[in-house]
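Shared between the two complexes below is chain A, which pairs with chain B and chain C, respectively.
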Partner chain A sequence: MIKKIFDKLFEYLLAFFSFITFLIMICIFVFLIREALIIFEYQTGITNIFYSWDKFGILSFEWNPASKTPKYSIIPLVVNSFKVAFIALAFSIPIAFFTSIYTSQYVSLKVRFWIKTVLEFISSIPSVVLAFFGFVIFSEILGYIFSFEFKLNGFIAGITLGFGIFPSVYTIYEDFLYSIPKDYKEASYALGANKIQTIIKVIIPFSLQGLLVAVLLGFNRAIGETMIVMMLGGNIPILSYNLFDPVLTLSGTISGEMGEVIFGDIHYSILFILGIILFFITFLFNMLTLILMRSIKKRYNFI
Partner chain B sequence: MKKHLDLLQLICVLVTLLVFLLEGFILYKLISKGFPHITYDFLFNKSVNSIEDGIYLHIVGNVFLVFIMILFVFPIGVGTGIYLQEYVNNSFIVSILRMSIYNLAGVPSIVYGLFGFVFFIQFIGKGIDLYFFGGNLVLGQPIIFWASLTLAFLTLPTVVVTTEEAIKSIPRDIKEASYALGASRFQTIRKIIIPNAFSQILTGIVLAIGRGAGEVAPILFTGVAYYTPGFSFNLNDQFMHLGYFIYNLFTQSINFDQIEGVIYASVLVFFTMIFILNIIVTYIRYKIIKRKINNG
Partner chain C sequence: MNKIKFFSIILFISFFIIIFLFFWDSNFFVIRKKITIKGSETILALNYQWSRYYTKKNPEVSIEITGGGSGVGISSIINRIVSIASSSRRIRKSEIKRIKKMGKTVKEVVIALDSIIIYVNKSNPINTITLNQLQEIYLGKIQNWKEVGGKDEKINLYGRESSSGTYGFFKKKVLNKEDYYNRVISLAGNATIINAIRKDEKGIGYASFSMVKDIKKLAIKVKNKEIYPSEKFIKNKKYPLIRNLYYYFIVEDLKNEFYVFDYINWIKTKKAQSFCIRTGYFPVNIV
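Our next item is the complex of A and B:
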């Protein structure tokens, strides 16, 4: 009898822990929204977070909370965030692509384990440390090649970020490649194809959707990363499409300005709007990858 | 079969080597520049009056932060993992829980920082202060406890997912044999599932520790301080953090060359702390994979 009661109690305890997980997910959503809604208590209006009219009557997109009439256009921040994330992806996708093919197709199980361990080791480096090395190594090497106007700019931040997110793209894509059923390969060999033909004509086309999942998750990591872009980006909120200009991203703005705002202020609530934007971008991409993975699973019955 | 040169293989090897080279270069630079600066005083000197004094208090703050984090993330994470794998049959609840875990894993760390500030400090902390401490400022401020909780929820998905994977990898027969002998669910979990899945669950915990120890963004508004005069084990104190120290050295210093030794040494210590955790993970995984290879 006591055994049974104990059993039930244990189950309730576990259910309670699981419920906490669910609750936190909901609370993140609710509390970010709650703080963001403060903006409606102010007369300035919601359109201010997109654009404003400067004193000459010209449309301007400017983030400048410290000026006499504070300007809170989020457009430059969003553009900068995407800019840095795309540089990061452009750097990390090719590297992840070739390394994944190498470890999944060319080496034995044991060698694969060791190479994988060494490559994935990057993911355990804290972003503060990565940012420091991005400054020490990349800014030196890339500075030679491109001769930057600014020492801290979006390009360096992007490349360092790309180095940081490389392992997460690599791991997912590599696992996908590795778990492709042997039948496909063997069917190709049976038709007389050699290894390189098999990889290029069979394995890679088949794995493209896995690459898409990996890239989406990599993008998610890149857009939310804070310390690297904050330490290397230069933190100037200008709207420019030049890759070598300094950037201030969504995450960088939150971490840089949160400590200086007045609680309940309009600036405060706008920082939460930035948080919500980040939350929704990652949420959307997460859902997208979930749907993609489910469809792959259904169609090919693996992973 | 004759082996001939494969262009694709060549490119792949070169790219892999490039990444290895970058990693090696980082390690080389770190050790060659940081190691000479590490002295007994630098590691164990308790005064923090100037930057050159040492990083003892930063290390202690960092370790204590992670320690409290484990107290929360371990039961909640492992409990959720077991619950999902062993108890729920309702597919709706499972899919809702899975979805929230999957999304929690994707939420950027800075958003956790915002959430920790608003939920833990402003909502729970201020609430407790109002009802139990008569409005005195006790918990409604950035303190180490809230920072740890924020980190706990940041690292929660890692623990849940690895626990689930670990339980999944236990053969069904063993579990069913246990039930057939009349064991209850709790007994089966305690005697069969936890011992069998232990090493893999441990990897999850260690990974979570590594992540939690290295993150700076979520603790920025929830408890970290650039300077505190000492360290106390009070849960409602601010604390110093090695990662935040490095961040400050990097961004606030006027003359980079002057503090180069300090910053390299701090980075080396910070890095080593997390590197050791990673070696543990690799070791456990190596044992698991070796068992797999031996079993065919």
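Our next item is the complex of A and C:
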């Protein structure tokens, strides 16, 4: 009897805990939307969060909440967010790609274990520490090499961010490469191909989907990252396609301005709209990776 | 089956322990006078100094301090989360309106003076600057150090994030409410700005008074008189860039918490004000 009761209670406890996370998720979303809807109490119009007309009647995309007539265009923030994320990816993908091919195909198990452990250790460094490291070292070295116009800019932020996300891209892609069935490789060897030919013609084409999954997850981490971009990005909301200009990203704006803003103000609700946009971007990319993973599982029956 | 039973018992026990620890507090059974302060990050260090001294003198009082920003602090007293909000900016009209709508009145206390100091790199040859020059630099009209008597180099501008109290103060006092040039790199916090300028030879920035040695504080020229950011000039209010730091509280909410007023009254005393200089601020009562 007691056994049965305990059994049932245990089940309920587990159900309770798994339900809590679900509930918190819904609460967060409801909260975000509720605070964002404050914007409709003001007669500024929802189009103001995309563009505004400046005093000469020219279309302008400007983020300047402290101006006499506040301008809340989110376009530069979104563009800057993507810009930094792409710099980070451009830096981290090649490194992760070559490292994972090396550790999965060339080295012994022992060496692979050590390289993997060290790289996974990098991914556990808090982003504040990494940001400070970038602030002291990367900005000096890169500033010396490139002699930037700005001491802190999107390029430095992107490189440091790339350094932060590269271990996670590496781990996912390396696991994928490592779990490719031996039959494929051996079939290639049997046909007379050497190691390089096997890697280029068999392994890499086979693993492209795995690379895409790794890159998408890396992108998700890069676009939500706050501390590195805030400390190194320079935080100027200018709309430019120059990689060496300072950037102000979505997450940087939220964490930088939330503390001092007037609660219930239009600026406050727009910060929540930024949060919703960020939420949707990461949600979209998460869904994409999930779909990809499922298709991989179906097709190859491994991982 | 035995294993499941064992684990479920452990889980239950640990669950209750966690809940117990959650609600248990060192002063759970002792009725203590608790003061909670929330708000500006700038005033945080000063608040800690005060609370450490005050609770040592009055052991029945405990003071809880959290940062988060001036806006967070003021919205917290409106929502009755804390008893005092510390703020580096004046309360806005819209916030007062919200409090009045609830039928309450908010009170303001000036707790210390903060000076905004213009910092440049140690290697920069210039020593003084006028407010007019400063305005033109931050509006982007002057872009070379040569025009204010320095080397032939571009000026790199540093400032605070747009919602901070310092940003608003500088905009009002120096820029005459015009918009900043859109090439001002904005950084969070005084320490970050000072660190950035320490490394940037072409940099200029504004931040609160700091004890850091290897950085140059510019004197401000007012009517052909150089005013250095020294204690003497700031105490005399000769230095042009001085602002107040505030405590805000709602009188109606503190009816049963009279000891909060004791604390606020104590802050105005000479002893409490002497803590200001140690943390980079200046006392109010010596004017």
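The rule we apply is simple: the second predicted complex is superposed on the first by the 303 of 303 C-alpha atoms of A that agree within 3 Å, B and C clash if a C-alpha of one lies under 4 Å from a C-alpha of the other, contacts with A are read in each partner's own complex, and residues count from 1 in each chain.
The rule is simple: a residue touches a chain if its C-beta (ideal position, glycine included) is under 8 Å from a C-beta of that chain, and two chains touch if they have at least 3 such contacts.
Just so it is clear, the model here is predicted, and its values are computed rather than measured.
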item: Superposition on chain A - do chain B and chain C clash or fit; value: clash
item: Partner chain(s) touched by A:Pro126 [first = chain B, second = chain C, both, neither]; value: first
item: Partner chain in contact with A:Ala187 - chain B first, chain C second, else both or neither; value: neither
item: Chain B versus chain C as contact partner of A:Ile46, first or second or both or neither; value: neither
item: Chain B versus chain C as contact partner of A:Leu37, first or second or both or neither; value: neither
item: Residues of chain A touched, compared between chain B and chain C (which is higher); value: B
item: Contacts of A:Glu257 with chain B and chain C, given as first, second, both or neither; value: second
item: Chain B versus chain C as contact partner of A:Ala90, first or second or both or neither; value: neither
item: First (chain B), second (chain C), both or neither touched by A:Val111; value: neither
item: Touched partner set for A:Gly234, first chain B, second chain C, both or neither; value: second
item: Which superposed partner A:Ile291 touches (first chain B, second chain C, both, neither); value: neither
item: Of the stretches 1-9, 37-45 or 181-189 belonging to chain B, the one that collides with chain C; value: 181-189
item: Common interface positions of chain A, toward chain B and toward chain C; value: 3, 6-7, 10, 13, 135, 230-231, 258-259, 263
item: Chain C contact footprint on chain A (complex, rising order); value: 3, 6-7, 9-10, 13, 64-68, 135, 139-140, 149-152, 230-231, 234-238, 246, 248, 256-265, 267
item: Residue ranges of chain B touching chain A (in the complex, touch as defined); value: 6-9, 11-13, 15-16, 18-20, 22-23, 25-26, 29-30, 75-76, 79-80, 82-84, 87, 96-97, 99-115, 117-119, 122-123, 153, 156, 160, 184-186, 189, 210, 213-217, 220-221, 243, 246-247, 250-251, 263, 267, 270-271, 274-275, 277-278, 282, 285-286, 289, 293
item: Chain A-touching residues of chain C, taken from the complex the two chains share; value: 1, 4-5, 7-9, 11-12, 15, 41, 67-72, 74-75, 78, 89, 92, 94-95, 98, 154, 156, 161-165, 167-168, 171, 177, 179, 182-188, 192, 195-196, 199-200, 203
item: Contacting residues of chain A [partner chain B, same complex]; value: 3-4, 6-7, 10-11, 13-15, 17-18, 20-22, 24-28, 31-32, 34-35, 94-95, 98-99, 101-103, 106, 109-110, 113, 115, 117-119, 121-122, 124-129, 131-133, 135-137, 163, 166, 195-196, 199-200, 217, 220, 223-227, 230-231, 251, 254-255, 258-259, 263, 271-272, 275, 278-279, 282-283, 285-287, 290
